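Heads up, there are several structures right after this.
Next, two complexes with subunit A in common: one pairs it with subunit B, the other with subunit C.
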Partner chain A sequence: MIARVPLAISLAVFVALAALPWLAGDYWTGQFTRSLLYGLLALSLALVWGRGGMLCLGQGMFFGTGGYVMALLTMGKLGPGLADAWLALIVAAASAAALAAIVGVFVFWGASISGPYFAIVTLAIAVVLEQSIRSNYGLGGDNGLVGVPPLPLGTSAFDATPPYLLVLVVVAAAYFTLDATLSRRIGLVLDALRVNPNRLAYLGYSLFAWRVATFAAGGALAGLAGALFVAVDGFASPTLIGFGLSAEALIWVALGGRTVLMAALLGALAVRHGEALLAAWLGDWWLLALGSVFVLVAVAAPAGLLAAPLLWLGARVRR
Partner chain B sequence: MAATLLDAVSAVLVLVLVALGLAVVFGMMRVINMAHGELVMSGAFTVVWLQGWHVPFWGCVIAAAVVVGFFGWMIEWVLVRHTRDRPLDTILATWGLSLVLKQAIVLLFGPGSHSVPLPLDAMVGLGALNYPAYRLVVMAIAAVVIAGTYLFLRCTNRGLATRAVMARPATAELLGFNTDRTYSATFAAGAALAGLAGALVAPLVSVDPQMGLGYLVPAFLAILVGGAGALGGVLAGGSAVGASTSLLGALWSPVTVQIVVFGLAVVVIRLRPQGLMRE
Partner chain C sequence: MALLELRDVHRDFGGVRAVDGVSMTLDAGALHALVGPNGCGKSTLFNLVTGAIAPTSGSISLRGIEIGGQPPHRIARLGVACKFQVASVFDELTVEQNLSVAAHSSADADRELARTGLARLRHSVAGMLSHGQRQWLELAMVLARRPALLLLDEPTAGMTAAETAATVDLIRTVAADGNLAVWVIEHDVGFLEKLSCPVTVMARGRVVRTGTMAEIRSDPHVQKIYFGAE
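Moving on to the complex of A and B:
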């Protein structure tokens, strides 16, 4: 069983994040709103890849699907009666989960495609989806859908704090639910699914059902993140759905630590804000440095850079 | 009609040439090289760079194969060797490498696209049809290289030794073959093929830092459709993907074609995970 970051530490992280708007001002609050949602995407990938062992090279497709469904619904493009933002959030997450379930059934049914084949197939599907959206003028083509209404929080649209707090609550809820679920028997089954699927099947578990369910759950989380992102950002663009964002999410999770949820979440925050801080200083060298670190981590430290310190801290706290 | 068919043959040969290096590495070493597209790109940029020094085109092509082959040798030595028993980490490492190569090219050459002048600007008359000579030359070179690779692996002692190391590494090592050296030579050869392909297509396409992905995905689909492991599979898969892309391109827009072909390829991979050519 994989060691868990204790509740005290994860609570401390979220409390510190909750204090941010009063310490950092509107600009950074807005930036952190977005990176927290990227963090939620990272959590979904940590679930699917880190724990479930399914290396999905196209996790962005669920983020983007959630985003586009949210944009279409709240902009009233599918009928004014369906424009309620809260309903749209749920529909967006459900659509992404449905897409993931369809892809999952297609891929895992019968003689399952696994390992490297799964990675390539998910990459191809993400590329196809991005191309379809880019060439679909009903969805805005290359420009995307502009003018998605902000979340109806009853406050000024220029106040960054309410959406930030809402997003923080959603991400925290997702994190603690996932953490609690994975520390139970389900987590053990997922570890077996990753480490020794044959033995799991021998014990009577359906690999197909567990894989599809895990993949769909990951899709739902990514779709929820995408839907909130589009509402915060004000537009849905094809870059949300394809190769680029999927690759970035992979970097966050790999650098943070694929098997430890908190490490994946912090990996997203660290890389996003590291970029904001260092890009001014390093310029174009930033991407080169990030890629090199990513390669080094993949070769020499596959557990990630944040997992070990977090678990070490956790062991100290627990004692 | 004849031009359409010739275009299709050309598309197939170029795709098989691009996929060949990938197939050698994936089929024999079971290593997924996500940076293969960027190795193709590096080959094309080697030509751009050397043409700036007024090196003749065919010299650039040979240099591209050598330079990118050397890249491949280093990549195997630094990355692939250390992740051999962790295939998913090889995917990550080579993917990271693709980002590094892309960004290195952006830093060296800028983000824009470059064009390489056609080394042969003549048309060749084939009956009623005029076809660009350079395309015919590329097709001929691709056919020769593909046949050469196949003959090397099937009909030479060194090819036999290579296949032995790939099929039964432990046994081959006991019999005195140096497996490590075989692995690095194989990876270097795969990279050299990518560099060669990149250099040959450079005059036909716009050479830019983002061109790699456009080669990686079709090449992988071709390999998976045909069946990994057998070089015959690359030919079959490359023909299926390349010809359908090229022929449908006469009817539909490039985007629609890409969506349809990728979608079909994914379905074929799903229905025949072992590939078209395997039992």
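Moving on to the complex of A and C:
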């Protein structure tokens, strides 16, 4: 049975996050702005992999696509008339969704590539895209695009709180919309798609349509996250689009819990900040430690480390 | 017009001809069984009708619409439902959630939960059910779609005697309402006699004989190829 984290707990998490700028100062607020956007990327992977059963090893390609489209538009490289940041956010998310739909049609058409083959194909596409951008000087090559304008919030560029709160509102809106959508029949169909796609097809569901639509929705979320990320960071780098970030997202979602949205989101926050602690303690060995934890969790706790505590807490709250 | 019509259907796997020129019809509301020794082409014929595989040649039509070679979801939407030999359900979902995915409406889901006696297990996770309960859950799911044609591949495989008897009653009940044609593959002769419906015998990919169970039993050719008599 697929369980949900109750609304009260989800609200409590976002209220706690909203208090962060007044508790932690500008440095940590800036760090958490980026982490929340990685959390949105984790949500997109939780939708595609955790619920839809499509293990995508290249989810970063949609994050990076959103980022590069945002950078190109707001830097005026595609014409000054298209430089509006809010319009660019929408175009960036739509572009990432379109790329996901194209990749989805390519892999799911006909015999349909699934399972490990799907994972390998998405990994290959992400690597090819990253290399293509690195060798494209119009996109800044290895250096990326520097000087992406910040979001026009009408506040000081040195004040980390307004962009943090904006990002928090966007992530919360995405989370609650996704959670509400997946609590309906559509969520059950996605779970059925992951658990037994063959049965679903014989009940009259087009696996192709459901997979492409889910993949495109995941692409849109990742693209929106990437667009906001480059606006916050001021920089679109080829590392946003390739295997490195995609693999990190996989680790956040797996460690948190891939079938529970809040667990995936908190997994991203926990691992991002846990990495910093590990690096401080272990120096260059931190990556080995993180990899070891990932392997341990994959073998001993495939549902993730945060899903079970969240659901236990949820059951207590419901009583 | 027949509900299902197969005309000169062939299916080859490499050099092996699994289905060899089968022609037969099934009327709306009919209850019909398909028997034959292992490897005779029964399951291949079912797979051709459900869209799991495409015919090499020949025509398969449902209410006059060609369905041969169509994908399974499209054939299912036209009104064909199938229950697999090994129960195929959504193990991580509850019984009620399985029905929610399958049914067009909650009324259809509730009707089949009541009819199959699974209502008391509606909150149980499907993966935790017994073998017989899983078979019934799958049956409830396909019936909840209100199909025009129901294909059952050995629906009582692994069931206890009591579960088998209850399944016979259920199949006869759903077939009796006149809107649903039921086509059953089964090896259990006792089960087929209880169903007391027309039977088609297949051997080596071909239809050998169609008749009542008594006629089939008394046919020397069928006895030789199916019952092993000399």
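The rule is simple: the second predicted complex is superposed on the first by the 318 of 319 C-alpha atoms of A that agree within 3 Å, B and C clash if a C-alpha of one lies under 4 Å from a C-alpha of the other, contacts with A are read in each partner's own complex, and residues count from 1 in each chain.
One rule holds in what follows: contacts are C-beta pairs under 8 Å (C-beta built on N, C-alpha and C of every residue); 3 or more make two chains touch, one makes a residue touch a chain.
Owing to the predicted nature of the structure, the values given are computational and were not obtained by experimental measurement.
In the superposed model on subunit A, is it clash or fit for subunit B and subunit C?
Aligned on subunit A, subunit C fits beside subunit B.
Once the structures are superposed on A, label A:Leu305 by its partner contacts, choosing first (subunit B), second (subunit C), both or neither.
Neither subunit B nor subunit C is touched by A:Leu305.
With both structures superposed, pick whichever of subunit B and subunit C touches the larger number of subunit A residues.
B
Based on the superposed arrangement, let me know which partner A:Ala225 touches: subunit B (first), subunit C (second), both, or neither?
In the superposed model, A:Ala225 contacts neither subunit B nor subunit C.
Touching A:Arg185 in the superposition: subunit B (first), subunit C (second), both, neither?
After superposition on chain A, A:Arg185 lies in contact with subunit C alone.
Applying the touch criterion given at the start, work out whether A:Val91 contacts subunit B, subunit C, both or neither, answering first, second, both or neither.
neither
Tell me the contact category for A:Gly291 with respect to subunit B and subunit C: first, second, both or neither.
So A:Gly291 only meets subunit B here.
Once the structures are superposed on A, label A:Asn196 by its partner contacts, choosing first (subunit B), second (subunit C), both or neither.
Second partner only, subunit C.
Give one of first, second, both or neither to describe whether A:Tyr205 is in contact with subunit B, with subunit C, with both, or with none.
Second partner only.
Please work out how little space separates the C-alpha atoms of subunit B and subunit C at their nearest point after superposition, in whole Å.
9
What part of subunit C is in contact with subunit A in the complex they form?
Listed in rising order, the residues of subunit C that touch subunit A are 50, 71-74, 76-77, 81-82, 88-94, 97-98, 100-102, 125, 141-142, 145.
Under the stated contact criterion, what part of subunit B meets subunit A in this complex?
Residues of subunit B touching subunit A: 32, 78-79, 82-83, 86-89, 91-93, 95-97, 99-100, 103-104, 106-107, 213, 217, 220-221, 224, 253, 255-256, 258-259, 262-263, 265-266, 269-270, 273.
In the complex formed with subunit B, which residues of subunit A make contact?
Touch list, subunit A to subunit B: 55, 57, 106-107, 111, 113, 115-117, 119-121, 123-125, 127-128, 131-132, 134-135, 243, 247, 250-251, 254, 284-285, 287-288, 290-292, 294-295, 298-300, 302.
So in the complex, which bits of subunit A are touching subunit C?
Within the complex, subunit A contacts subunit C at residues 1-2, 185, 188-189, 191-192, 195-196, 198-207.
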